[in-house]
Amino acid sequence: MVYITRKERFNAAHKLWVSEWSDEKNEEVFGKCANANWHGHNYDLFVTVKGKPDPVTGFIVDVKKLSKIIKREVTDQLDHRNLNLDVEFIPKGLQPTTENLVVLIWKQLEPYIDGCKLHCIKLYETENIYAEYFGEED
Amino acid sequence: MVYITRKERFNAAHKLWVSEWSDEKNEEVFGKCANANWHGHNYDLFVTVKGKPDPVTGFIVDVKKLSKIIKREVTDQLDHRNLNLDVEFIPKGLQPTTENLVVLIWKQLEPYIDGCKLHCIKLYETENIYAEYFGEED
Amino acid sequence: MVYITRKERFNAAHKLWVSEWSDEKNEEVFGKCANANWHGHNYDLFVTVKGKPDPVTGFIVDVKKLSKIIKREVTDQLDHRNLNLDVEFIPKGLQPTTENLVVLIWKQLEPYIDGCKLHCIKLYETENIYAEYFGEED
Amino acid sequence: MVYITRKERFNAAHKLWVSEWSDEKNEEVFGKCANANWHGHNYDLFVTVKGKPDPVTGFIVDVKKLSKIIKREVTDQLDHRNLNLDVEFIPKGLQPTTENLVVLIWKQLEPYIDGCKLHCIKLYETENIYAEYFGEED
Amino acid sequence: MVYITRKERFNAAHKLWVSEWSDEKNEEVFGKCANANWHGHNYDLFVTVKGKPDPVTGFIVDVKKLSKIIKREVTDQLDHRNLNLDVEFIPKGLQPTTENLVVLIWKQLEPYIDGCKLHCIKLYETENIYAEYFGEED
Amino acid sequence: MVYITRKERFNAAHKLWVSEWSDEKNEEVFGKCANANWHGHNYDLFVTVKGKPDPVTGFIVDVKKLSKIIKREVTDQLDHRNLNLDVEFIPKGLQPTTENLVVLIWKQLEPYIDGCKLHCIKLYETENIYAEYFGEED
């Protein structure tokens, strides 16, 4: 069993904001991330799949094809977008935190991973913060 | 003459958009950067000053003080903000491109650099694009 | 179950030195790391916790609060210090190797992790060497 | 149980090419990687071992010795070489993909890891692609 | 006057080899870089242009167009190629050192830089070696 | 005229401390950097030379030889040392700030640069601070 990881990137705007809360409570909980006019990040996304290398090609997966799937299903929908407003696969009202994004990206990608298994979604929001999801239910 | 550089960071939202233009022209010129609902970046800012090291302290400048000035005059005003809407020192209607930002940041910082000379403002918008300004008039 | 990681930094001096050994044996075992007058490193610390994202905030943990805990309990005590001499939570005589440090940092942090579980302490000593501890007893 | 990782580097040429296939099929499957006259990479190799830190030295392993073993058994044989032609421990005809390389490097190193256990071979081919092998049979 | 830089990448094979010299002399002068069956690198290319930001667009140059020119004139011809054998703009017999490559890339790009001036070609061969060319004749 | 740069590394301990000053004044001026028992850094050193590539070898300088000179004259004397106590070419009492170090390293290297010209010494103390010296007298 070997694991292979592909890195992709996207740049997006977002804010953390609970519409049922007052401005004060939003700022108290989310700090600068609650800025009304948004802020944004350069996100680095790492998608890891696992499987057995094919004896002829030496591939677990054709990484170029994997890259195309990630672009089509994930990063083309997130890149240069507003994560609160513009993205169909992010439910309205759900906070676009890194923690929530890795789960949503897993669900978005998993049906298209073929001939190997999705193992991990890792997402850097800044150089100091990243989240990981391994498909664990609990 | 020795040069010393301090790196700071900020995360911000922006878009490139000329309000006198049609949506089509904006998209034609600015592409994805014209997304109506904004996008964003993790910006890396490098401020370089030059001078002679003090014979006793070995400092051109107290880097901790320089860092405070950069934060007060620049990054505290840009971090977790919208560069088109929220920042006093960015003229409304001026495109918040990396090229324009380095000149504005120079003007913002230069009056507060004391005992040495501001040499360069360098700003990374992504790992693939950065701008530099050396105070050259032409 | 989602994992979130916060990176912090500290700069410290140390040496590897067994006081019961001769100078020759210390140099034989520890090489340049036994230099009597110390050497030092820029350490990069990664703290990973795991849990379920809160349905309202999208947080496993408030990363700003986690950062404050790491600073108070760990990096404020290590930063610009001598790891052999200055740090209360490092037992005197225990070698301040990266391997020992990750275990000590785990013990230092674990009581303060609340509402989620500490998963991993990862510490870079140089770009070429890092240690990890997952709380495994054996 | 603590894990420690050592990074090494090598620069090598290779191509992906199945000699039983036509040129067209090779290009269709491997794309630019099938270029007849080779291409190459700067590879970053991470070797992780696990064990208990020695109570006196604080070492799981003497990282300098581990580094020498990795050089002797792995990187000295790969560095500035052609992975299809020049390396004894890569079977002729096996594609030198990152997936296959991590398994071969594991087999090459494992007999020489003494006093601790080999845990992971991780190999970056580019900043966007890396493979990992944990010795799992299936 | 503002400077803007675009980073591109390519992966290539090469060797350093003077055909008029004996094998021994080639190995003496070029060491491992003379390996008969080639070796290779992940190259990072930085192209810097200078000019005045356009008052309406805020652009010195449309970086997307600059990127297309770099790809068409430079990196598409170098990527996944053999620098000694496959590239029309590298004269046969000229050593494909980083020093020579930056001059050749400058000559290749310069005629296509329009509305601003080419300022610098910077090329990383490894994380430890890079060359720069500013178009200086002597 | 082409420029080529070689990166080397060293890890060292130091403190900033003026012995004529009181403890209070040292702490006021140098903050945490005045810690009596030292602290330390992983330093990254970039040495840039300029010249014309040799028409036969394509070299401005044999980078392997340059690396040996840097090691012999600079990094072997700094690595795993105390910059205040252990290094002959750092005058006692001179603060080992990054600003002072780049000038001292220039003077240490310059006599040994042959067949090309030393252009720049650049030294990173942390990822956030670096100094540069170009040999300018004023």
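Quick notes on this one:
Order of writing sets the chain letters: A, B, C, D, E and F. Residues in each chain are counted from 1.
As a working rule, contacts are C-beta pairs under 8 Å (C-beta built on N, C-alpha and C of every residue); 3 or more make two chains touch, one makes a residue touch a chain.
From a predicted model like this one, the values you see are computed outputs, not experimental measurements.
Centroid distances built from C-alpha atoms place E farthest away from chain C. Between the CA-based centres of chain C and chain D the separation comes to 28 Å, rounded to the whole angstrom.
Shown for chain D are the residues in touch with two or more other chains, namely 127.
Pairs of chains meeting the touch criterion: A-B, A-C, A-D, B-E, B-F, C-D, C-F, D-E, E-F.
The residues of chain E lying in touch with chain D in their complex are 9, 11-14, 32-33, 35, 37-42, 79-82, 85-86, 126-127. Partner chain B is touched in their complex by these residues of chain F: 16, 18, 29-31, 94-100, 102-103, 127-134, 136-138. Of all the residues in chain B, the ones that touch chain F in their complex are 1-8, 48, 52-53, 56-60, 62-64.
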